[in-house]
Each structure stands twice: as structure tokens, then as C-alpha cells.
Amino acid sequence: MKKFINDPGDVVAQALAGLAAAHAELRVDPENQLVVRGDAPIRGKVGIVSGGGSGHEPLHGGLVGPGMLDAACAGEVFTSPVPDQIVAATRAVDGGAGVLHIVKNYTGDVLNFEMAADLAADEKITVETVLVNDDVAVEDSTWTAGRRGTGATLIVEKVAGALAEERAPLADVAAIGRRVNERSGSFAVALTAATTPAAGQPGFDLPDDEMEVGVGIHGEPGRRRSKVTSAREVAALMVEAILEAKPGLGDNAIVLLNGLGGTPLIELYLLFGEVSKLVTVRRSLIGNYVTSLDMAGASLTLCHADDEILRLWDAPVRTPGLRWGS
Amino acid sequence: MKKFINDPGDVVAQALAGLAAAHAELRVDPENQLVVRGDAPIRGKVGIVSGGGSGHEPLHGGLVGPGMLDAACAGEVFTSPVPDQIVAATRAVDGGAGVLHIVKNYTGDVLNFEMAADLAADEKITVETVLVNDDVAVEDSTWTAGRRGTGATLIVEKVAGALAEERAPLADVAAIGRRVNERSGSFAVALTAATTPAAGQPGFDLPDDEMEVGVGIHGEPGRRRSKVTSAREVAALMVEAILEAKPGLGDNAIVLLNGLGGTPLIELYLLFGEVSKLVTVRRSLIGNYVTSLDMAGASLTLCHADDEILRLWDAPVRTPGLRWGS
Amino acid sequence: MGVMIMNVDQARDWIAAIAAKVEADAETLTRLDSAIGDGDHGANLKRGFAAVTLALDGFEAETVGDVLTKTGATLISKVGGASGPLYGSAFRAMGKALTSADVTREQLGDALEAGLAAIRKLGGAQPGDKTMVDAWLPAAAAFKSSGALAAAAAAAKGAEDTTGLQARKGRASYLGERSVGHQDPGATSTALIFQALAGT
Amino acid sequence: MGVMIMNVDQARDWIAAIAAKVEADAETLTRLDSAIGDGDHGANLKRGFAAVTLALDGFEAETVGDVLTKTGATLISKVGGASGPLYGSAFRAMGKALTSADVTREQLGDALEAGLAAIRKLGGAQPGDKTMVDAWLPAAAAFKSSGALAAAAAAAKGAEDTTGLQARKGRASYLGERSVGHQDPGATSTALIFQALAGT
């Protein structure tokens, strides 16, 4: 394993120390693995908390700031955070208007956030939860843990964050988050497996001419393998998989063409060019946002936007990983 | 070779087609491999043109926009652009106040930009050139082609771009670019080699426990190899190499901790945390900016800033790859 | 009333034995989790039980339940992932059920059932879904009928038998049919818990 | 006045022969450039001479120089990198020197010297710097004294002899001592140009 780390057991805290050194506008607590907006809690504003396993940077810690998250809880690599962290974050951002938890649909994340929400209720903090489950590679049935939360998380966080910034009430902020999730679908393809610092070797072996189709962002393999094909075919495969599961998402779309960590921007742009021929792009974002450590690969997220979603997507945001507007 | 491409011979134009689809505010010409600000030429504003081989994205095409470049010329992967492109870009951004060429110091880039400047002079366009040569891994002697231009290019482009935006005259814009270059040093370490689409295999073989020290961004190997060490030692190595070659750069520094393409953000932040203990950070930028396709590795750039440089660094910028301010 | 089979010190020994087994088998658990999950189950439990060991050191326990409740709470606050809340809740439920300094086999058997119930309530897994339930359920039943050695054997067999199952809960469910042919990591760590109880 | 040795059609044949050799040896050139450069020399020249082939097709040339000037201009506008301007300028300089429909060996020899001078002026390389100069220089001299076959042999030997040199120009210079032991890709492609001239 070749990585810029000191000790496989202490990667997350040390990376957060780097985030702290770079971003004085954030309150970073490397020990408890929390990232909080410097000006939180904001009186009367819904606080927005997300979190999950580390290894997906800039998600979530890099998306804390005005217009997006108020706090993020970083778990160990690919491991959801614990309730204590989530409660601490919830407390830190409660400005009296309640707190929204944005949770990716994985058993671990769901259970830990649930426990935290119970504990927060004991402290009389009102918590609502938006569950993100956009990954159409997983069948949404009682035979699975349900669809995973992936790329749409970023869009939910951006849009809900913008509405919260306008001082909308908790119910509305939660509702727009759910609306974005319902109108979103994602699909990922990996060319290599991720290597966690703890395991020290790739999570799965992938022959030199094969790709994992419908892969997850936690190093888990996909539903099937196939020969590596052209970018044109990969784009078609991803778009079709999404539209088959959730028809209509290709219209009026916010398109996130996301790198999984090890794929260079030149390939992502090339792939986006192919995707753009197949859907109606209203807004686009191309780059490494919801990553899986060093995995080479890409995910496509389509969000069938409406005017309100577009307006909130365009609203200013100022975080380490995403910034635009004034 | 596993890449999201259609045809190894047609990667650059197709990636630019993706950039065009994503960024309507830019005039992208995939065929001639040019990216131009939508509102260029701007009367009375110095036009800023850069360019170089592709594979370093977002450099340079992703750095075109208000506050930074007016145009970028994309060569083939790792191959400098040709004079025709550079002249076309120069013409497209000449608003009567002259044009600045920002050129990374590689034989190919230098020769092609020189030829282009001669041709532009024939068309009565005043061109000044800033040569960027910040990579201290190369000895600056008559026995080499001189130091390479790497990470500092981004800082030169940002700072000169900001001054040009204020309508400063060509001589001043060139002077600040040169000042940034003089006050900057960079050093890179690679954990894997880059694979160009044309070659289809890594540019060099690197054993599982070794790193290339002082590596370049065009797939060229470094000056030596060593065992992979801790992030702490890598940070010390990079800082020492820079300060030994150019003492004093660690004070009042703009620090660019740059990923070479295949290294995830969590490692870059961890590495930045170590660097931040060794230098006085005034501003920082962490991420993949001056890349070498899929190479895993990182480069450190230190720019010993003064108040003017800091002011221009902080000025608003709005490009696909870098944006802040209003 | 039956014979006392576990006191506070023996409860501590049980937890210490689990910690030792988890430490020794962490790589196996991670390897199993790499195949059909995300490759962290060994690291998760190692981190969790190391924290439990620290937490119990010097901790004043009056009852068997105190030890188990502390274990559960520590797992919840240190592990994360799916297994943290699940095992944490199981130990908390067992702790709640064992309110004396010495417990009988019947009481421990009921507590193991309560632990299972907590896992099932929180995680919603049915038997056959290829989870820790598939080891814990037969183990708890065997404990009641035939004691700790039988429970350890039943847990081990339950874990092995998950190999043929298709996962319907947890990350392994994402793989659909590809999950068949691999042993479930959580069921495997449950087997360690029951081996530790039997002193094997 | 000497014997005519090249007319317009033969000039075209020379360029066509270079294009064919570059196409055939592109992988070798790229491999050499991977070792001490950036691995694109083969692709660069292939792209360049393919463009030249297209440009010369149907192009009306009156003189040998027209063919070579067109070749040089096309290389400059299609290749990029270091070799594009260098070879492009060399062919342009040769073209400028050969202003008739038929040229003598003396004239062609002088033109080859002019090509070398253009490379040296633009790139600033000295003999021994491990560049195309180290093949072109002995080849041009051999052409003058002993003709095309000798020139081809001298270019090949010059290219081979770059192996022992430490690079002082171009990308290979970044490697310092590590550049020793590898043959220079540009010198190798220069050998192809002279082989094509000799029809070997």
C-alpha cells in the first residue's frame, strides 16, 4: 500500500488536522472527528448535519459552510460515525429551529443516526431526517438493505442547505431534501478497487480488462463485471440504468459526473461529454466529490430539477469543496 | 489500460467537448483545442493566454474565466500546443492592451510559444512572456533545460489574472507574474507513474514500496527513488528541498498542496497538515490542480507572498476549476 | 433456581476473551467483509473491544449486567457501522436482563435471547438473511437446551451455513446473487462471542 | 556543377519514406521517450508526418524547396512539443536553401547543413548534449563527403552513441545521471530521416 499517511490507524484525525490548518473559518475537532461552521449555531436557522464514513472527501467535512452543511461527523474510513459524534454535532448547530440529519442509506449510518436522533430528542432538540437512497444499482426491495446513498447526497445537502440559509422552517427544509432525493438516481462504474489504509490492499481484484458495474462507494463490489468498454458505452450504460429505474430523470437535469477518486478530470470531462448527448443538462458539476478513496471510476447522478431546486442549487455556497455565488 | 475514453488518438478534443457542454460561459473549440472566455476580447484589458500539454487538468482550460486566464491552448497529452493555436488564442483575447503569455519552462512549450509570439508580432499584437520555472527538483544550470514549470503556474495565472482584471498595463501584469515565479518553489513526489492514452502503460515501473522523488508532471521519472516513507517525512523532504534551493519561501506563504491526479483528498489534507507544521501558511489551496493524468502523488508549492500578491490571490475568480469571491 | 454460572469477574473474563479472539481473528473478519462488504468488520470490532477493555479497567461493577451494559454502551460509542449499534444493543439488552452479582444458566440463557431480540428489533433481519442473527439464534437456543459448549458449536455451524445464503440485509445484500458462497463476517464474529463464552 | 540527385518527385518520395519509417517505428520512439522523457515522441512524429502526407497530397510544388518548406510548416503546425518546432524549422531551412526543381548533391548537402543550423539555433543544443543534433551533425558531414548511404550510417551511429551521454537539453536533462544508458529518441528519429534519404 502506497499512501501519504503516517499510521493506518490514525488517518481520519490527521486528515482533519490538515483541514483545520487550511480552514480557519471552520471549527474542526480532529479528536472527536467533527467539522462545524465557525458561526454555528445560528439563531433561528435550521442546522444541517450530515456525516458518514471517511474516504469520500470532500463529502462531508469539505461541504461545511454557508449555504450547505452546518456540521459533519466523520466516521472511520468507510465506517459510519457513532451516535455520540452525531449528538455533539446536532447540539453544536441547534439554533432553536431544529436540526436536519441527512443520512445516506446504509445500515450502519441509519442505525447510528437513529440512535443519535433519539438521544437528541431527550435533549429536546427537534430532529428530522432525510434518507438518501439514489443508487439504482441496488434493487429497492425488501430483499436488500435498500438503495444506497451516493452522489445525490451532495445535491440534497446543497439544496437543503440553501433553503435553510433562507431561514425556512425545518419541515420545508426536510421536504425539499426528500424531493431532491426522490427525483435523483445514480449509477457507478469502477475500473479499480479502493484500498483502505486498514486493509492495505484493494478491496477486490479486478482483471486488467474488466470493470465493476454498479459498484458502491465503500469498496463493495458491484452487481456484475464486464469488459471495459468505450466512454460512449459507459455513458449509455449509466444513463440507461438510471432511466430504467427512475424514468424521466434525464429531463431538466442537474448532472453530477463524479470521480471516485483515482480518475483524472480529463476522463471525467470526456465522459460528461458523452452523457450530455443523452440527457437534457440544466446544470452540471464535474469532479471528485463523492469519492471512494483511490478507486478509479465514476458515478453519474441525474436530478430531475424543478425551478425551486434549480434556484436553490444556484444559490451561493462557501465551503472548502464547493463554492460559488457571492 | 483502463480509461474512460473512446479512442486513444482523440482524447483531448473529446474532453474539450465535455468542457463545452458543461460551461456555456466559455467559448470552447474542440477541433482547434482552444478555450476562450465568452466575453473576450475585453477592450483595454490585457489578455492572458496560457497553455501546454493536456493531462494536467484543470490546468489550463479549467482556469479560464474572469479573474484568471482569457484563453488556454490545449496540446495533445503531455505535448505542448502548436504555434497556430497560440496565435489564434492571442488574437482572440487581444483587447488592444497587449497579451501576456504564461509559459511553463519546457523546451517544447518555450519553442512553440516563441514562434507564436513572433507570428503575433507580425500581426502587431504586443506580447510579453512570463516563463514559469519553479520546480526545484531540477538544478537550474546550463547543464539542463532549466527548472520545470509546475504548481507555481496556477499562482502566476491567478495573480496576474487578477491584476489584468483591474486593467493594469501589460508591463505590470508581466512583472507581477515574474515576481510570483521568482518567489515560488515546488517539489513533487510520485507513488505511481502516469499512463498516457497513447502509450497505454505506465511511463515507468515503480516497485510496490518505492516512490519517485522530484518527479515531473509529464510522466518523466524523478531524480531518484527511495522507499515510501511516512507523510511526515514526505512533507519534510518536500519543504526542505524547496527551502534549500530557495531560502525564505516558507514565510508568509501561499501553499499549494497539489494532487497529481490519482491521490485522494483525504491523503492530501493529511499531508497538508504535516506541511503546515513546517511553514507559515498565509493562504492554502489543497486539491488536484496541476495533475499528471492518473499519477498518484503530490506536489508542494510555496510562494513567499507579499501584500500585493496576497491581495491579488484573494481577488474574485470564476473559472470551472477555481472560484471564489463574488 | 439453577446453579450460578457467571459472576461479575466471570463476566469480565468473558468480555476479555471476546476481545482477545477479535484481536486474533481481526484479519479473517476483515477479509470476509472485503469479499461481500467494505472490509472493515475486523478493524471495527478490534477498535470496539479495545475501547471496552479500557472502559472496564477500573470500572466498578456490582452486577453482571453492569459489565455487559458498559460493554454495550462502549461498543455503541466507539464502533460505528452496522455492527456497533447491533452488538452494542445486544450487550445492553443482556446487561439489563442480568441485575445480580451472580447469574444462573437460565438467566443467562434468557439474556442471550434478549440480546438476539435487540439485534432483530434494531436491524430487522430475519433468520436466513445472512447476518449475525444466523449464528446468534441457534447459539442462544443451544445454550438454553445444552449449555455453553453446544452454543459455541451451534454458532460456529450457523456462521458456516451462512456461506450458502444470499444476503438480504447489510452491505452484502447489494451484491445479490454474488453474495452466495461467502461466509458472513458478522455471523463469524458472533461465533467468536459464543466461543469465548464456552472458554474454547 | 554536380549531378542532379533530387527532383520534386524524389523529394516527395523522401518525405513519404520518412512517414512510412516513422509509422513503423513509432512504438520504438515512444518507448525510448518513456525511459527518459514523456513517452510521446513516436505519437508526435506519427501525427506530424500523417499531416504532412495529407498536406502534400495534391499540393503543387515547383521546386524541391516547396516540398520541404511545406513539410516544415506542417510539422510546426501539427506536432507541438520540442521536436515539432525543431524538425519543422529544419525542413523549412532546407526548403529555403533548395529553390530549384532539381538539386545537386552539393546543394542538398548545404541544405542539410542549413537544417542542422536551424535546429541548433532554435534549440541551443551543443554536440554531445544527447539530442537529435548528435545524429544530424555527423550525418550531414558524411553526406557531404561520402553521400547518402554514409549519411544514414553516420546518423545511426550518432544515435546509438547518445546512449552513453548525459542529457543536457530537453526533458531527458531532468534525469541528470539517470539519463545515461538510454538512447535519445530524437537522435533515433533523425536516423530514420537519413535512412529514408538513402532509401535504406
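The letters A, B, C and D name the chains in turn, as written, and every chain counts its residues from 1.
Criterion: a residue touches a chain if its C-beta (ideal position, glycine included) is under 8 Å from a C-beta of that chain, and two chains touch if they have at least 3 such contacts.
The structure presented is a predicted model; accordingly, all values stated were derived computationally and were not measured.
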{"item": "Minimal step count in the chain contact network, chain B to chain C", "value": "2"}
{"item": "Chain whose average C-alpha position is farthest from chain B's own", "value": "C"}
{"item": "Mean-CA-position distance for chain D and chain B (Å)", "value": "31"}
{"item": "Separation of mean Cα positions, chain D and chain C [Å, integer]", "value": "74"}
{"item": "Inter-centroid spacing, chain B versus chain A (mean Cα positions, whole Å)", "value": "29"}
{"item": "Where chain B touches two or more other chains, by residue", "value": "77"}
{"item": "Residues within chain C bordering two or more other chains", "value": "none"}
{"item": "Touch relationships between chains, expressed as pairs", "value": "A-B, A-C, B-D"}
{"item": "Contact set on chain B toward chain D in their complex", "value": "53, 75-84, 106-108, 111-112, 115, 137-139, 142-145, 148, 196, 198-199, 203-204, 216, 218-221, 223-224"}
{"item": "Residues on chain B engaged by chain A in the complex (per definition of touch)", "value": "2-7, 11-12, 14-22, 54-55, 57-58, 62, 77, 191-192, 208-209, 211, 228, 230-232, 234, 261-274, 276, 281, 284, 286, 288, 291, 293-294, 296, 298, 318, 320, 323-326"}
{"item": "Sites on chain C touched by chain A in the complex", "value": "30, 34-40, 43-44, 47, 76-86, 122-123, 168-171, 173-176, 178"}
